[in-house]
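Next come two complexes built around subunit A: one with subunit B, the other with subunit C.
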Partner chain A sequence: MRKNSNVAFYVPYVLWLALFVIAPMLLIFYQSFFDINGHFTLGNYVTYFQSGTYLAMTFNSVWYAFLITAVTLLISYPAAYILHYMKHKQLWLLLIILPTWINLLLKAYAFIGIFGRDGGLNNFLGLFGIVPQQLLFTDAAFIFVAAYIEIPFMILPIFNGIEELDEGLINASRDLGASPWQTFTKVTWPLTISGVKSGVQAVFIPSLSLFMLTRLIGGNRVITLGTAIEEHFLTTMNWGMGSTIGVVLIVAMVIIMFLTGERNKLKKGGKHHA
Partner chain B sequence: MKKLIAYVAVILVICLGLGATSHQLAASQGAGGDKVLNLANWGDYIDPSLVKQFEKESGYHVNLETFDSNEAMFTKIKQGGTHYDLTVPSEYMVEKMTKAHLLVPLDKSKLHGLNNYGHYFMNKSFDPGNKYSLPYFWGTLGIIYNDKFVKPGSVAHWNDLWNKKYKGSIMLIDSARDIMGMGLVSLDKSMNTTDTATLEAAKAKLDAMSGNVKAVVADEIKMYMENNEAPLAVDWSGEASEMLAENSHLHYVVPSEGSNLWFDNFVIPRTAKHYKAIYAFLNFMTRPKNAAKNAEYVGYATPNDAARKLLPKSVKNDKQFYPDKTTMDHLEVYKDLNPRIVGVYNDLFLEFKMYRR
Partner chain C sequence: MRKFKWGHLYLVLVFIMLYLPIFYLVGYSFSDGERMSHFTGFTFRHYGELFNDPRMIQIVLDTLLLALLSALIATIVGSFGAMAINRTVKPVVRNTVLSLNNILMVSPDVIIGASFLIFFTALNVPLGFLSVLLSHIAFEIPIVVLMVLPRLKELPGTMLDAAQDLGATNFQVLRDVILPFITPGIFSGFFMAFTYSLDDFAVTFFVTGNGFQTLAVEIYARARQGISLEINALSGVMFLFALLLVVGYYFIQQGQSARKQKKGGR
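After this line comes the complex of A and B, so read on.
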């Protein structure tokens, strides 16, 4: 009886995974082998890898995702570190997570108001006699807003990593004569790297396929693979090509997961043996 | 385990309950009944008081359902889960639905007042002889400018947008067909060009204006233009009329050398059942007084010339939305191109969007 009930509790998860994770991926993979007239073809992949446009777009996507991740990390690591030593850290953490309760679109529209020609930021700059600047539809605005949206997802894992860090190790390092910089590079950073890695995963992967922001904040002056997929599914109705780009994105994500995840495990294993 | 089964049972019961309720609702709302008209229309695209008046006058109850894209409506009707009696596709969708055998021909003998419609709006390439469709509203693609930044009259043609002084000032509508079309007309070519070399040339022409483009966006153009965010925009007349209503500095121009002429049209889908109600409604909406009232409410241009005469002078003589004869003669209706060409349009447009100064 006990065993049976265990199996019953698995069923929802297995069903969920099968229906909403495995099946859609298989469908995308399957769709990618059909051209616009519904004939079986490998042409979509040939088109993809022969077209300068798609390759440039892939490069763009990876580049912007990298920039967003780098900016986010640069802000999040010190923030998480300071947070760790704060008095009411749970409260501060809650405040950082709070913006994720607000819908993405609302936040994007709020930024349109802030960055606009007559927007809050330009009015503020006007106080110092600076003429209105073009802020919306620039790379900087796009990366800023994307980083703003992703920051909570980076801070959380890093914060948890730092929380788990044994304070005694840092004290020991100081006692043994290490400078603060040495303590950071030799003790703190290596011990919190797993948090950083999950943070990078949580930010880089969604950033690869951002598409609403590319239009709303980037004004379609920033084109990523997400834009192309949207276009193929909604306007061209070329689902095959859209799926092909989707498959490429999935593969890219698997590679990122592998680079940031697996090696980490190996290292850990190595340490245990030593 | 027992708990789990109980939960599953509860969920199933709730589902069944909801299913039964929705079935009942559908039944009580007509679908089955006889004195009804099931109309599928775009959101806020008919004067509600006219619907009430029609119901009172004819005794039919109108079930209004809305859709927000031609493609969504097409898929719904094709899959057959609906029972629409009338729907309002755009012109290229009329052609597509005709090809997919989803439409029932109009019975002209039951329609009154067909000669109310202007000759510019009848017998177009998407439906020769108006076999299946009756125009509802029409419009154009054009340039919106803000007189705070642009001198009135200095932008009247597509090629004016290539002027170096408009660096980073133009917002374009995110639509492959329209923007590629603009490039084509600026080269004196047809908006329905299917020749790849010409399309490439149009794309190269567009690349040359890339420095002037501030952004390529969709519905947000309306908000940006109302907030004086950009001096110039390329958008549809329907959107333009809404912007102009909000910001008196905005003006709309249809380039006289050519642009797109679009239509939304009444058609009877295959799923229709209540033919008496359909013709009663079409005749009701064709009556000049009603069509004029509707045009005032929606704010789009009416193809019903008799109705246009009843509109206030400031509206019916507005060159922005009822262009003069020369311009009208140069307007082109989009043809339903074959999917391969549509793909070429979209790929070139995507390349244009990626091209930077």
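After this line comes the complex of A and C, so read on.
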């Protein structure tokens, strides 16, 4: 009712929604119905759901993403919590974010050196008399490096969630005789869960698509959905099959988003409308 | 109190984990060998090679330009987008737009890259700087929206009403009430967008042609060929640059909060 003259400001945003969110999603859906020769077909989906390889690969990919997210969350939540109580916390937070400005590829490259046969970690283990191990190209190395890269993206939303937490509630809980553990499980955790959820979203889904890490660190032993899509698009040029895997991934993603985000948002929206 | 000390120890360990690989990387840029193991003598040789590599310097400059330009445009579009979402009263519309907004946030990089590749090919957009720039703007907008929106929600509606009752035009309300209030959100949004751009590899890898390279794509190509300490030297330079930016950002923030305190806060 009030204000309607400055609609022009929103045009770029709406255009962006139409051109770069909706259109590409429709296109990838459309493309998935074409075979490598450009003929309309449902064959890609038949292949995907009938071949055990694709299904096993999908399951594997989700499992690795889950492990990466779990490791990241386990490390990040306490770190964010402690950061909240630090002096100069903004400075510390910036130091957490700083490594994300070092390019992802450089960090992966660093780990090639560290995990190498005569690299830093093996030299360090050597001090304790442990013979050099094959560290590079193992699942553990892949999960560790992926978690390493994702940690700042997990700490940041959790930290913001904890910052919004009303300190009075924690004090009240303590005054009313709750143990630190009770305070954590009944007050702190439920009230910071939205930060955790956005952190999980920010880590879990990108973890499905870390195709270059699977090459450089995982040594092609781990094949994720991302690796498969990249190969179909850029190596074998079978865009149809690549799009099909993409569509399956998008559907799974929408489900995850719906489960972790929506209910929470509605609750928040209600509060702010009042 | 004792609990706090354990906390500090934990935080120190996290910081060591975060920074050790980077220092390892930068440390070996001074090694007089050709490999990333067994430090052999101190040298600046690899830095010399780096600064005499015009191709590499061009790529670094292109990457920075891309990050700044895309983050700037994404911040402008995203901030207004957040205002649009914030003003939407109907919960259905609002939630639909928010879900659409978040699609690119939660989409895996490869999906974004692959779908944009189809999109640009369908529209005959040449693959190169333009396609990469558009892609980066596109995947940075949602993070800006998510950073600005919480601040907008905190903005009391009474303040807007007061401003309008006192005769402010829409533009004045925007400039004098809304923008100052959401500035911290806009700053965080810009920095996150900038970070996303510098960090991106996958999307760029899909939509860049042969003509335009970003640092990530170039490093990927070189890392597959094996270790070259010139890349380590590059990491050293990048790290220093990031450090300078962070210090600058910190002082801007400190200045802001100091000013806020002087005004008496809320």
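In this section, the second predicted complex is superposed on the first by the 259 of 274 C-alpha atoms of A that agree within 3 Å, B and C clash if a C-alpha of one lies under 4 Å from a C-alpha of the other, contacts with A are read in each partner's own complex, and residues count from 1 in each chain.
To be clear about the criterion, a residue touches a chain if its C-beta (ideal position, glycine included) is under 8 Å from a C-beta of that chain, and two chains touch if they have at least 3 such contacts.
Here the structure is a predicted model, which is why all the values come from computation and not from measurement.
In the superposition on chain A, contact is made by A:118 with both subunit B and subunit C.
After overlaying the two complexes on the shared chain, residue contacts for A:137 are found with subunit B alone; subunit C is out of touch.
Contacts of A:33 after superposition: neither subunit B nor subunit C is touched. In the superposed pair of complexes, A:184 makes contact with neither subunit B nor subunit C. Touch criterion not met for A:45: it reaches neither subunit B nor subunit C.
When the two complexes are superposed, the chain touching more residues of subunit A, out of subunit B and subunit C, is C. Of the two partner chains placed by superposition, only subunit B is touched by A:238; subunit C is not. By the touch criterion defined above, A:9 lies against subunit B and subunit C together after alignment on the C-alpha atoms of chain A. Contacts of A:215 after superposition: both subunit B and subunit C are touched. When the two complexes are laid over each other on chain A, subunit A has residues 5, 9, 112, 116, 118, 215-216, 234 in contact with both subunit B and subunit C.
Remark: subunit C residues 4, 7-8, 10-11, 14-15, 17-19, 21-22, 24-25, 28, 36-38, 76-78, 80-81, 83-84, 87, 91, 94-95, 97-119, 122, 134, 137-138, 141, 153, 164, 170-171, 174, 191, 195, 198-202, 205-206, 215-216, 219-220, 223-224, 227, 231, 234-235, 238-239, 242-243, 245-246, 249-250, 253-254 touch subunit A in the complex. By the touch criterion stated above, subunit A contacts subunit C in their complex at residues 2-3, 5-6, 9-10, 12-14, 16-17, 19-25, 27-28, 31, 75, 78-79, 82-83, 85-86, 90-92, 94-114, 116, 118-120, 123, 148, 151-152, 201-202, 205-206, 208-209, 211-212, 215-216, 225-226, 229-230, 233-234, 239, 242-243, 246, 249-250, 253, 256-257, 261-262, 265-266, 269, 272-273. Contact residues on subunit B toward subunit A in their complex (touch as defined above): 1, 4, 71, 168, 171, 174-176, 213-218, 220, 223-224, 227-229, 339-340, 342-343, 346-347, 350-351, 353-354, 356. Across the interface of their complex, subunit B is touched by residues 1, 4-5, 8-9, 36-37, 53, 56-57, 60, 112, 116-118, 134, 136-137, 215-216, 219-221, 223, 227-228, 231-232, 234-238, 241 of subunit A.
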